[in-house]
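Here's the structure we're looking at; comments come further down.
The letters A, B, C, D and E name the chains in turn, as written, and every chain counts its residues from 1.
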Amino acid sequence: MFNYLLRRLITVIPILLGISIISFAIMQAAPGNPAVMTMDPTISAEARARQLEALGLNDPIPVQYVKWLSGVVRGDFGLSYTQRRPVMEMILERLPNTLLLMLVATILAMLVSIPIGIYQARKRGSALDYGATVFSFAGLAMPNFWLAMMLIMLLSVQMGWFPVGGVSTLGADFSILDRLHHLILPALVLATSDMAALTRYTRSSMIDVLNQDYIRTARAKGLVERTVVYRHGLRNGLIPIVTIFALMLPTMIGGSVIVETIFSWPGIGRMFISAVFERDYPVIMAITMIAAVLTVIGNLIADICYALLDPRIEY
Amino acid sequence: MSDSMPNNSPLQSFDAQGQAQPLLRVENLKKHFPIYGGLLKRQIGSVKAVDDISFVVRPGETLGLVGESGCGKSSLGRTLIRLYEPSSGKIVFDGHDVSNLPESKLRGFRQQVQMVFQDPYSSLNPRKTIATILSEPFAAQGLYKGKERLERIDHLLQRVGLNPSLKNRYPHEFSGGQRQRIGIARALALNPKLIIADEPVSALDVSIQSQVLNILEDLQDEFKLTYLFIAHDLAVVKHISDRIGVMYLGKMMELAPKRELYSSPKHPYTQALLSAVPKAHPDEVRPDRILLKGDLPSPANPPAGCVFHTRCPKATEQCRQRTPVLQEVANDHWVACHLYGETTSEQ
Amino acid sequence: MTSKDSVIVDQPFVAQDQLGSHRPLWRITLTKFWQNRLAVIGLVLLSIIIISALLAPWIAPHDPNWQNLRMRLQPPSAEFWLGTDHLGRDIFSRLLFAGRVSLFVGFSAMLGAITIGTTLGAIAGYYGGRVDAFIMRTVDVVISFPSIFLLITLVAIFQPSIDKLILSFALLSWTGTARLVRGEFLTLKQREYVLAARTLGMSNMSIIFRQILPNAMGPIIVAATLAVGGFILAESALSFLGLGVQPPTASWGNMLTNAQSLNVFRNAWWYPTFPGLMIFITVLSFNFVGDGLRDALDPKVLER
Amino acid sequence: MLEPKQYRPLLSVNNLRTSFFRKGVELPVVDDVSFEVSSGETLAIVGESGSGKSVTSLSVMRLIPSPGGRIMGGEVLFDGMDLTMLPEKRMYDVRGNEIAMIFQDPMSSLNPVLTIGEQIAESLRLHKGLSKGKAMHKAIEILRTVGFARAAEIVNEYPHQLSGGMRQRVMIAMAMSCNPKLLIADEPTTALDVTVQAQILDLMQNLKKEFNSAIILITHDLGVVAELADKVIVMYAGKVVEQASVRELFNNPQHPYTRGLMQSVPKLDQDEDRLFSIGGNVPTPDNFPKGCRFCTRCPQVMPKCHQQQPELIKVGDNHLSRCFLHEAADV
Amino acid sequence: GGGADQANTTTNNQAESVQSSEASTGPAQGGNFVIATPGEPITFNELYYQDSASGDVISMIHAGLIYIDESFEVQPFIARELPTISDDGLQWTYHLREDVKFHDGEQLTAEDVVFTYSIFNHPDYSGPRVSDFELLDSVVALDPFTVQFTLTEPSAKFATQAGYGILPKHILGEVPVAELGDYRAYNVERPIGAGPFKFDSWTRGQNLVVRAFDDFFLGRPHLDSITTRFVGDQNAAILLLQTGQADYVIVPINEVETVRAIPNVQLESTLALRYDYIGWNMRNPLFQDRRVRQALTHAIDRQEIVETILNDNATVAHAPVSPLSWAYNDNVPQFNYDVERAKELLAEAGWVPGPDGILVKDGKRFSFEMLSNDGNVVRRDIGVIAQQYLRQVGIEVRPAQMEWGAFIERISPPNYNFDSVVLAWGLAIDPDPQAIWHSSEIEQGLNQISYSNPVVDALIDGNVSIMDQAERAERLGKVWYALAEDQPYTFLYYPQVFAGLSPRVNGFTQHARVDVFKPYQWWLAQ
């Protein structure tokens, strides 16, 4: 297992390097110098040069990359062009919020979709199967910003059931309930498409599994249906679903960009959007890399779960 | 060509025995599949699917190959027809060494050696009509055009007992036996000299199996075909073959004319194999079964010495150490076993 | 019925009636597709949407870009079937023309992604070895790319335009197809009919294109269908951020950009509703059709 | 072996009819099948692929995949009770406990994610109420009886770590763990090599002696029948075409299909020049002929055969055959 | 003059009655005032900030010598009175109040003022205010509460530039000027000013809290605290206002009607010190002919745009000066919507309709790109609207949007890579046209469209030295006239700014230029 982990970790390095080089190259290829943008156009040439120097923008591009990379290895993503403070610090302020949102969304997606998917697989062709199928298709086709706006208008503004955004009630003392109250809508929107996808996958995976010979064996042993489905079916059915979880991570990080903006959620997604519009390259790079790392970690976790769940996998 | 051969090689005497030059001569053929693993996905070993096998196929005969699942029968067949690159050794077909011919020069060889496959479901492209499937051999070799090609196809279908009017149908519209016949027709299309049939009847029901076996026999008579017939059903092999080779774990254990093999099997493995066949009639009384202990070892890690020694009821110390060589112990009867005389090869 | 040939003495029963009725492949596929109710609904909706987009210049009641500032945000009426937008343009006409753009973006990006993915996947799967390793490592990198982030960065810093949008979509989303096609090729190249083709001396190109690809087409078509919907959705998400197709060209996504205003949301429900509905229905239909095709093109139907 | 014992069958299947439904069309996959098995007796069901052997056995277990398939009629009397009428709850006690089953493909019939021990102990805990530890103990014991020397280790291994023959032995151990009165073995050796098949047949022979269970052995290999069975029924396209004791059947096959079948297999101890062959193909359930189901392939077909379905006719002691030829002979 | 009278206030009836009943009992003490805004500040150091979000917070924390009131009059703040100016206009002397304390309790003295203003001219200063102080020669403390600024030339403009928040020398005195911009211990973490509110906490992405400063020299503010809540976008801000979770939001012009419809919410508005325009890049031969530019303006119905897109919340502009400014002069040529006149002018300039209806001259079609940035909904629409208007006179417009950064990049030196641009200028209090209109600003400055008129140059030169406002206004009037006639821009409109306030807010004064104005006068009804 250790060897396996090590091997997987080693393969991660070139992936991350590749991503960082491509992202860096794209930003270098962009027209103009973003750092200059944030400066007063009327300042003196010397002052300008001094600022460029301070930002390390006078070096040749490969040197800039290497400097950037060596910083990253030490956990230093450089200085934000606009905020003039360490990017790492900015990210650390926001990342927990994004992770919390993603975690709750993931749990939500799991809690809803897996039981429904299993039910559908068992009662194929039933009205509920049909209904859930249509619903999960709808979840996949719904633009998430659209859903978010509708939910806010309906549930927050019209009905007043939920806050329109933010992480907690202003000035109120910390309370889990209050936090959850703020979390529900954004997490729901973030989870929607994955919930839908996961339902579909669970359904087809379970249908697949329930048609397997060993399920027939289990039935022939006289096991009650519940045991057959959950003990013999689910464990096998979950194996491919684990991969979907890994795929969910990147879509969730991506979804956070929009969800956080709409729900005023102070996470890295919203920060990314402002950074893009301000062309704050160090921040863009850092968030891109963090998203990549999360993606890769997601894959890694999936592989490990796969290995843990499926005794046939050798590591 | 023959001067490169060692003196004690079975091939030489085969040649001498054979009335004519062998159609196919296989010398020390190996096919090893690499296994990758470890931190850097290096090759960490290999599956010795075919391990140092030599034999000849004489023109017009049927050479049967039996052995348990995974012993390398298919690998051997596919290597012979150059679907797999041989790891080492020589394949001499009709006097020409084809073992190292590059893909581009294989065209002529491909016309003369064809293959019939095991699975009637996956051996025909499900998205093509029978007519298309049967025209592919001609297309690939650039033979016949237009109407003539269609006539050939009709003829081929008739040869294997199918109504030519069915040629515009798709494989899924046919039963297993019919598909297998289509596969045979495809192999016949180029008028090959040698057909390698890899378990052509294993997937078929008993009552269908005999249809296909009969057709194969009829075609052999008609076209003077030579067969290399791979199967694991001993009765079927015996029915169709002239000589039979028994394989175990990538090696040839015994090779003899069929009657000889069935009446006096020499190798302990052959003996066990034959005794394992269920009796044909409830009243039949037979000496006790020779039950082999244990399981087939992995071809990635075959036992040292004689590969069979781990399961052989008659294994001795010497079997554990030295690899026996295939040698002639009776007229045209070859065995690789230390029980039959001294051998010289040291591992 | 009996074979004329003397060789086959014992084959008197190969009768056509043994085979059941002659069912060509397309018929089977169609029948299976037809049985999937949702897929049929999806196909009908899609046909309507695509045809009306194609015929937009002929069926649109108004010039989609004609602004009548004095007729801003008019509710649906006999004149403006689906109301007007914030510049007094006819929403119905704009939806038709926007459909052309959205569908064009979706289809072109899909073609790009599928072409790249299929080519690389086929090469990797068929030839294996180093080529395969190289392509698959590239896939690993691209697939780990947080594509939405890159997409936003790309279109934001290189002024968004339809062709750049399509290019970025294609370049970031071919990996799934590549993996899929590679997987298909890996299994299909072991199929005995492919081996048979090789023993017949067929060239690699013929084997790839004539033997394997047709059999891998099913999953590719399914992926392609789903991809179109995905790209339409992606364009709308970028439009939400102001980075999609740029006005005055209308796409369903950027029609929603202007509808984001609270004022519109409150007082002109028709404005955000219809473009949103179009996206939703179109993507939904693509997904329905894709799902139907998945079943209909399932090779298992043919294999036993 | 049969005579002195008081003849009371353990299982008696009467006029069983099981159908699958495709687009509302009924496919009578098992049609009017009757047979009996008693304790200590082995009944073999032979027939070609698709003839309904597995469906018959699954019907007995009431494990027909549903929706899609249904038992349409007939009765399955087991130990006096009609299994087709039993509430599902009671069936749970019958399955695995009183009737056990092993399947053709040992590769896929074991759950890949549970250890061998868990899978065997499961039945024991369920039906015999054993504690976890005790059940595991018992599992090891049973594994020994089916020939595992390393039984104590095997219980902690997963199916993929075992070879095909070993897995089939695990399946047998699992089936035998609760001392079932009836064992249904659906082609237990088809997927195995001859040498392994020999091991399994040997094992089954020993178990038969030891447990005195009734066995239904499904196979298409006449050799296996000759080796193990006491009685045989031959099925063709969902119907029983012939039924007899094993000796009677081999010595005196009556139905043209049975005869063809026997002649078409090559035999090790004979040199046949040319094999007999039944032409044509097995009809599929969606186009079974109207008359005798074998009429499309029968070498002795008569016009009547195309019109009418023949009945099972007694042609000797405990010997039934479904063919109009016998009628003609009687007349 | 005529500035303040343009500002008007609309309030919902109900809210008004609440307000008046409260007014009789006087301002209530206490409460937390919530501002909701999408923008998050960057620094609290007034010498370095550029964004309005930072500016808003700075207005709460810091105090300057003077401030500009809602009528754009300069008013003393820390200074006891307006400065005394020497006759040559070079010496400006301010007398400070003696009761001004920093938040840490230290007395604010002339030393702090000198310290603050010396930074601007320090060679290491890298902030954005260099150009404002080019004329400042020296600043000295005459006594602990008297400061004297000496200019190199007389400058009327200097009157408005003494409003920068005074920095505490006792805290920043030791910090090298080069590091001051990035001195986060003060700039971000613990800013100390002399303003009405003390910095309390900043949870990034969520909120920023300031608390009342008990020793504020005008007395403790009514509010206990002000919380600035950072939200995803303007929509979210308005929704917070509606749901009672915010007291003050800036309402974008396209959402005015939304807020107006919310019951009980007060909507304050005033004309912004700003005008929106379409700039014609005169590097492009298309726009070099004045008649063409006039025709372009004639072809666009600005009145309709104001009435429809802007819901009448703006006034058509004809010159680059705000009606709020004392320098405003409406005696300028106007090019109102007149398609026929536009066609005539174009024909005079030699443009004739081509085969596809688009004008051609010397084989060149009249077709160009109109650039705007995507952030601004209204300006983006203007490109699309202009396309339709100009199409009527045979001109093809290709509207294009760019993300702000790329947009600025393209229109700024050295690129100037655009045909025409839809943009707006937020004006300084002082109406000096130099930065935008002088030909010397083409190479480096803000004269992006490359406008060059020697007459205008001459009028601009030295205008800031005229200390007499009336005299200067007259001179500037000529500038406006020339610019209006030349139409380097199509001046579109002067928009209004709107503030949405919760019903409990009192004492709020809407200011055309700053969002947070006199926060110490704000109070909340209980």
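List of remarks:
We take it that a residue touches a chain if its C-beta (ideal position, glycine included) is under 8 Å from a C-beta of that chain, and two chains touch if they have at least 3 such contacts.
The shown structure was predicted, so the numbers you read here are calculated from the model rather than taken from an experiment.
Hopping across touching chains, the smallest step count from subunit D to subunit E is 2. Among the remaining chains, the Cα-based centre furthest from that of subunit D is the centre of E. Interface comparison, A-E versus C-E: the higher number of contacting C-beta pairs is recorded for A-E.
In whole angstrom, the spacing between the mean C-alpha positions of subunit A and subunit B is 54. Distance from the subunit B centre to the subunit C centre is 47 Å, each centre being the mean of its Cα atoms. Each chain gets a centre from the mean of its Cα atoms; for subunit A and subunit D, those two points are 53 Å apart. In subunit E, 239, 375, 403, 405-406 are the positions where the chain touches two or more neighbouring chains simultaneously. Annotation for subunit C: residues touching 2 or more other chains are 10-11, 14, 18, 20, 156-158, 260. Multi-chain contact residues of subunit D, defined as those touching 2 or more other chains: 277, 279, 281.
Residues 48-49, 163-166, 193-199, 201-202, 220-227, 229, 246-247, 250, 260-261, 264-269, 271-272, 274-279, 281-282 of subunit D are the ones touching subunit B in the complex.
Residues 65-67, 69-70, 72, 86-88, 156-160, 242-243, 246-248, 258, 260-263, 266-267 of subunit C touch subunit E in their complex. On the subunit C side of its complex with subunit A, the touching residues are 38, 137, 140-141, 144-150, 152-154, 156-158, 229, 233, 236-237, 240-241, 256, 260, 265, 272, 276, 279-281, 283-284, 287-288, 291. Per the touch definition, subunit D reaches subunit A in the complex via residues 61, 63, 67, 91-97, 100-101, 103, 105, 108-114, 122-123, 126-127, 158, 160, 171, 174. Residues of subunit B that touch subunit D in their complex: 68-69, 175, 177-178, 205-211, 213-214, 217, 232, 234-236, 238-239, 259, 262, 272-284, 289, 291-292, 295-296.
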